[in-house]
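To start, I am sharing the structure in question, which I have written as structure tokens.
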Amino acid sequence: MTASMDAAELLRCYEQMAIIRGTEKAAHDLFLAGLVKGTTHLAAGHEAVAVGASSALRPDDYVFATYRGHHHAMARGATPAECLAELMSKATGVCKAKGGSMHLTKASAGMLGSYAIVGAHLPLAAGAAWSARLRGTDQVAVAFFGDGATNIGAFHEALNLASVWSLPVLFICENNLYMEYTPIGSVTAVEHPAADRAAGYRLPSEVIDGNDVVIVADAVGRAADRARAGDGPTVLEAQTYRHFGHSRTDPAAYRPAEEVAQWLARDPLDVAAGRLTELGVAEDEITVAAERAAKTVADAVTEARAADAADPAQAFTDVWADGGHQWRT
Amino acid sequence: MTASMDAAELLRCYEQMAIIRGTEKAAHDLFLAGLVKGTTHLAAGHEAVAVGASSALRPDDYVFATYRGHHHAMARGATPAECLAELMSKATGVCKAKGGSMHLTKASAGMLGSYAIVGAHLPLAAGAAWSARLRGTDQVAVAFFGDGATNIGAFHEALNLASVWSLPVLFICENNLYMEYTPIGSVTAVEHPAADRAAGYRLPSEVIDGNDVVIVADAVGRAADRARAGDGPTVLEAQTYRHFGHSRTDPAAYRPAEEVAQWLARDPLDVAAGRLTELGVAEDEITVAAERAAKTVADAVTEARAADAADPAQAFTDVWADGGHQWRT
Amino acid sequence: MADLITYREAVAEGLSREMRRDPAVVCLGEDIGAAGGVFKTTVGLLAEFGPDRVRDTPISEQAIVGMAMGAAMTGIRPVAEIMFSDFLACCWDYLANEIPKMRYMTGGQVTVPLVIRTANGGGLGFGAQHSQATENWAAAVPGLKVVAPATPADVVGLLAAAVRSDDPVVFFEHKGLFASRGEAPPAGHVVPLGQAATVRSGADITVVALASTVPLALAAADELAGSGVQAEVIDLRCLIPLDMATVLASVRRTSRLLIVEENPYQGGWGGTVASIVADEGFEFLDAPVRRVAAACVPLPFADALEDEVIPTVAKVVAAMRSLLDY
Amino acid sequence: MADLITYREAVAEGLSREMRRDPAVVCLGEDIGAAGGVFKTTVGLLAEFGPDRVRDTPISEQAIVGMAMGAAMTGIRPVAEIMFSDFLACCWDYLANEIPKMRYMTGGQVTVPLVIRTANGGGLGFGAQHSQATENWAAAVPGLKVVAPATPADVVGLLAAAVRSDDPVVFFEHKGLFASRGEAPPAGHVVPLGQAATVRSGADITVVALASTVPLALAAADELAGSGVQAEVIDLRCLIPLDMATVLASVRRTSRLLIVEENPYQGGWGGTVASIVADEGFEFLDAPVRRVAAACVPLPFADALEDEVIPTVAKVVAAMRSLLDY
């Protein structure tokens, strides 16, 4: 059983969340400035899920995320600069500008990808957990996914097989009440799309406050301990909310104003700040952390802007393990 | 609520089951005689599920079955002769010898197909139920599937959507304890692969004796009444057993002898005969029904043997609704 | 001249015309109702036809297409939307094994009159899992009809034919064309499936194109017209049925063939067209049959890289020149 | 002469050789353990390597292939079995969108060294959903290597290369060849991916074949040898990498090309081969490029009907004659 985090760790998490928030804000501004192309799915509002989980996981554990994955990439160690560079199609992008916002990956930090086909990565996380077992390590694998992913076939197949093989994998649903523009409640037979399905796979589950980084860290810590102990998978349903629309083109007009207001009032950064104060951390310590975060983001923007554009020749590398793309003689 | 069947209906069901049993026995013999090609999946032992369900359903209801579907085709009205002719590649086959054993279909009787991709037909049944709703009829659709189908994605997607739209569809699992050669218990997280999943879709479920035609008819009748009343889908798990291997090439050596013996002792034909006796039906009435069934099968074999072989030109018909196969000019 | 509508508007227009005409036509898919579709191609349908005929679904591609099939087998004419054509892979069993085979396997007992609409193709910087041109996947499956319109009028006319078809149709709407404008088609406009359109006449070279590559081919033809080359541009409109009669008749006149497709060269639809011409049109040819196709790599995110991979006017012009200089 | 083994036995032999060599190689699939596989291609593996390395799965094709991918990304070399190649459609998202794109999308951060084995093809009367030749599906996806052996020795040698490859490989085992016999390969036998085999030399016509069509092409060549025709038969062995150098060099000598494939003509792999030859080999050709492919219909159950649809020796002989008489 992992102990609840101390003030120092909580302050680190607060700063990490502020960095993620600031980096996404910068990405949004760069998009408006025409410097970010394609589409982006901001995780603003979800930061506590990623930072809390990473705080409870080990560096050698594996994380699999969705196209809404900026927070997971950075929480696991991708730098704001290499993430922004990716979105800006720069040569220094974390994926060489070949993946983009929807596919941020930092394999060296165990962040094994952001997947843009809903639900597809749940079996992958189970497979990574199986691999850990086969290699005799006690690593765990974690799949983060949205509420909408709970109604697709891959979810069902992954949870059943992970349970039968008792794999060290965590299935963590970031339930933000909506799919793209449609409420999850209108297309799902049960109230808690992930947690209420767990029993069908004989798996334990918990519905938790996804906006409280400490609650997330504790729940993930417990689940990871179970997994490492050989007790199999856990389903966690973290209740959270996205501060913006589904993607950059979405004003999110379909969300009732009171609902939005109520959730903005539970901003994970404010919740963490409140906890810090409770723990006796001085107001200015928190301010200093926020300022450090702002500086980190500002430096990242400068670095990403200064980086070279991706070389078009890169379009023809990395198809095969030999680095090339030759498919015929 | 459908009333439990009377002696006359039970006797009809008994005879129907005997016809199915005899027709499959004949198919097996014809296979050994080299007159049936490809593969066959005998339903021997499952007859009560098909005949009981058909007894409770209406002629205008829809049934979707699997590659193990001889019993459903005949229970819905496909004649033994046209089924045997199909297996024997005759022109008079119920699918013109283009489908074969795995795809027996009798659309005119609401038997909308036998599907050989595990689980694929569950969404189809939901769609037929949706269609009935859209057309303002009170038809119900039924998907029969095996225990193994409960671990594939299409099962999950179909049950969730059918529940959310409260469709008039029945999901009936024929749990015969095995997939091909592997016990379902070894690859499924819950004890009852279908019934124990129902709650995850907020659906009612029942585990029933699939070898007792009366119990099946009553359960299906109740579920159909609910569906027609607009109360949505029901999951039924009928416990049964196949008397032979998975398919013609399988001696089923993986099944413990005691298990086989115990189930053979609960042959659905014997169970029905016992009930008939309880209802005061005379022994010779039952014998006469059995003899009629044997005669029906013998005539069917004669008819199928006498039929012309399928015309090779038929390979190029029925691709398109216009009857042809032209894909280019 | 007639008023203009966008390709995007044409989809909603085509759908509503058919839904007004036939009450058996219903739509289902993700976010197609209140949201009007993520590409705004179903705007107005919920308001006009109501929630029974315009249904939002969960993220369940197999259930969407599988339910459409079951409904189509029992008297309904469903139009199912799969948001991005890449996601056809999530319900491929239905497109490859169920829908196209049902009629044949049952000896003609059952028909499956449905349409699967999907947003196809690249050029928007959506990355490897949201940018593929997958019409070749469907064109490789006997039993499916495959449509890919290039203009708003064709969207309406081909959608009408697709919805009225008793055969299953996969209808590819190109993401890169949604914002393009064209003449609004008259009432009752129907374009029969399987008839290519010769959108530019010329005697020097035949350029066969589809959907997004039609404007590329036309731009390239215009560019070469400057140097006195008269190129004939054929918009196939459909891959199945495939109008080879129009292609072969054109090559007979021009003796030169360039195929421009967004599919990767490996397994792209151009291979089937090229092989038919290399067989049945062999004697017409005065030059090699050439294909401008996507490079055989996944689609990269950065637009500078994506341009390297997908067909461009410059690549088409260069290929045309190489054949003309042959 | 060396002892003979069946193609079926060669699969188990090839797998066990690699599992002995490298402890990171594991197998998963339906009924592959105690049952030894429904085609008996994994007989003996469970006994030798135990349940941790030879795992039976539920009927969950997406989980089978998806877990193999996750394991391959983290230090394991999984060999996943998809029982019939038709069922690849049930996990197509993994083959089309995940496995082949992961390395590219991440800028080379991740490799996916896995093998997906599957029983492919028709001729056994299994009907429309269990008889398809689907190697063209995989060959249309950049990022996958595609192998389809024709002999027991190639099964062992190509499986060794596939398992050792750091790239994902789809390995098509032909159902119609399982019972065929051939020489047992020596220890350490490895056949590099992407090298076609010229299995019969001749100067009059080039016949390109793969897997089940190799014996058809050889039989047809023998038949025509009677009338003095010397046909060259090339077994491609792999579709990706595609050994066009061998094909083009042969056509340069023979000036005639026939392609024999089990895929339907629409979208079959032969279209890609034909289009390359019609472009780069145009000057070599003295006759049309022709393809003997499966008819564009689903596969019927009755064998008399199935023979009408798939390639046969008679069809190959007739096509060869038509090109030789040209």
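List of remarks:
Residue numbering begins at 1 within each chain, and the chains themselves are lettered A, B, C and D in the order written.
Criterion: a residue touches a chain if its C-beta (ideal position, glycine included) is under 8 Å from a C-beta of that chain, and two chains touch if they have at least 3 such contacts.
All figures in this text were calculated on a predicted structure; none of them were measured in a lab.
Chain pair with the larger contact count among B-C and A-C is B-C, by C-beta pairs in contact.
Taking the CA centroid of subunit B as reference, the farthest chain centroid is that of A.
Each chain gets a centre from the mean of its Cα atoms; for subunit A and subunit B, those two points are 46 Å apart. Mean C-alpha positions place subunit A and subunit D at a centre distance of 40 Å. Chain centres here are Cα means. That of subunit A falls 36 Å from that of subunit C. The multi-chain contact residues of subunit B, meaning those touching 2 or more other chains, are 93, 95, 97-99, 103, 115, 117, 151-154, 157, 160-161, 164, 186-188, 314, 319, 325, 327-328.
Those residues of subunit C in touch with two or more other chains are numbered 57-58, 60-62, 86-87, 89-90, 93, 97, 104-105, 127-129, 142-143, 240, 242, 266, 295-298, 300-301.
On the subunit C side of its complex with subunit B, the touching residues are 26, 52-53, 55, 57-58, 60-63, 65-76, 78, 93-94, 97-98, 102-111, 113, 142-143, 165-167, 194, 240-246, 276. Within the complex formed with subunit D, the subunit B residues making contact are 37-39, 86, 89, 93, 95, 97-103, 115-119, 148-149, 151-153, 179-182, 186-188, 254, 309-310, 312-316, 319, 325, 327-328.
Considering their complex, residues 86-87, 89-90, 92-93, 95-97, 100-101, 104-105, 127-129, 136-137, 139-143, 240, 242, 259, 263-272, 274-275, 277-280, 282, 285, 287-291, 295-298, 300-301 of subunit D touch subunit C.
Subunit A makes touch with subunit B in their complex at residues 151-157, 159-161, 163-164, 186-190, 196-197, 199-203.
Residue ranges of subunit D in contact with subunit B, taken from their complex: 30-31, 33-35, 38, 56-62, 86-87, 89-90, 124-130, 266, 295-298, 300-309.
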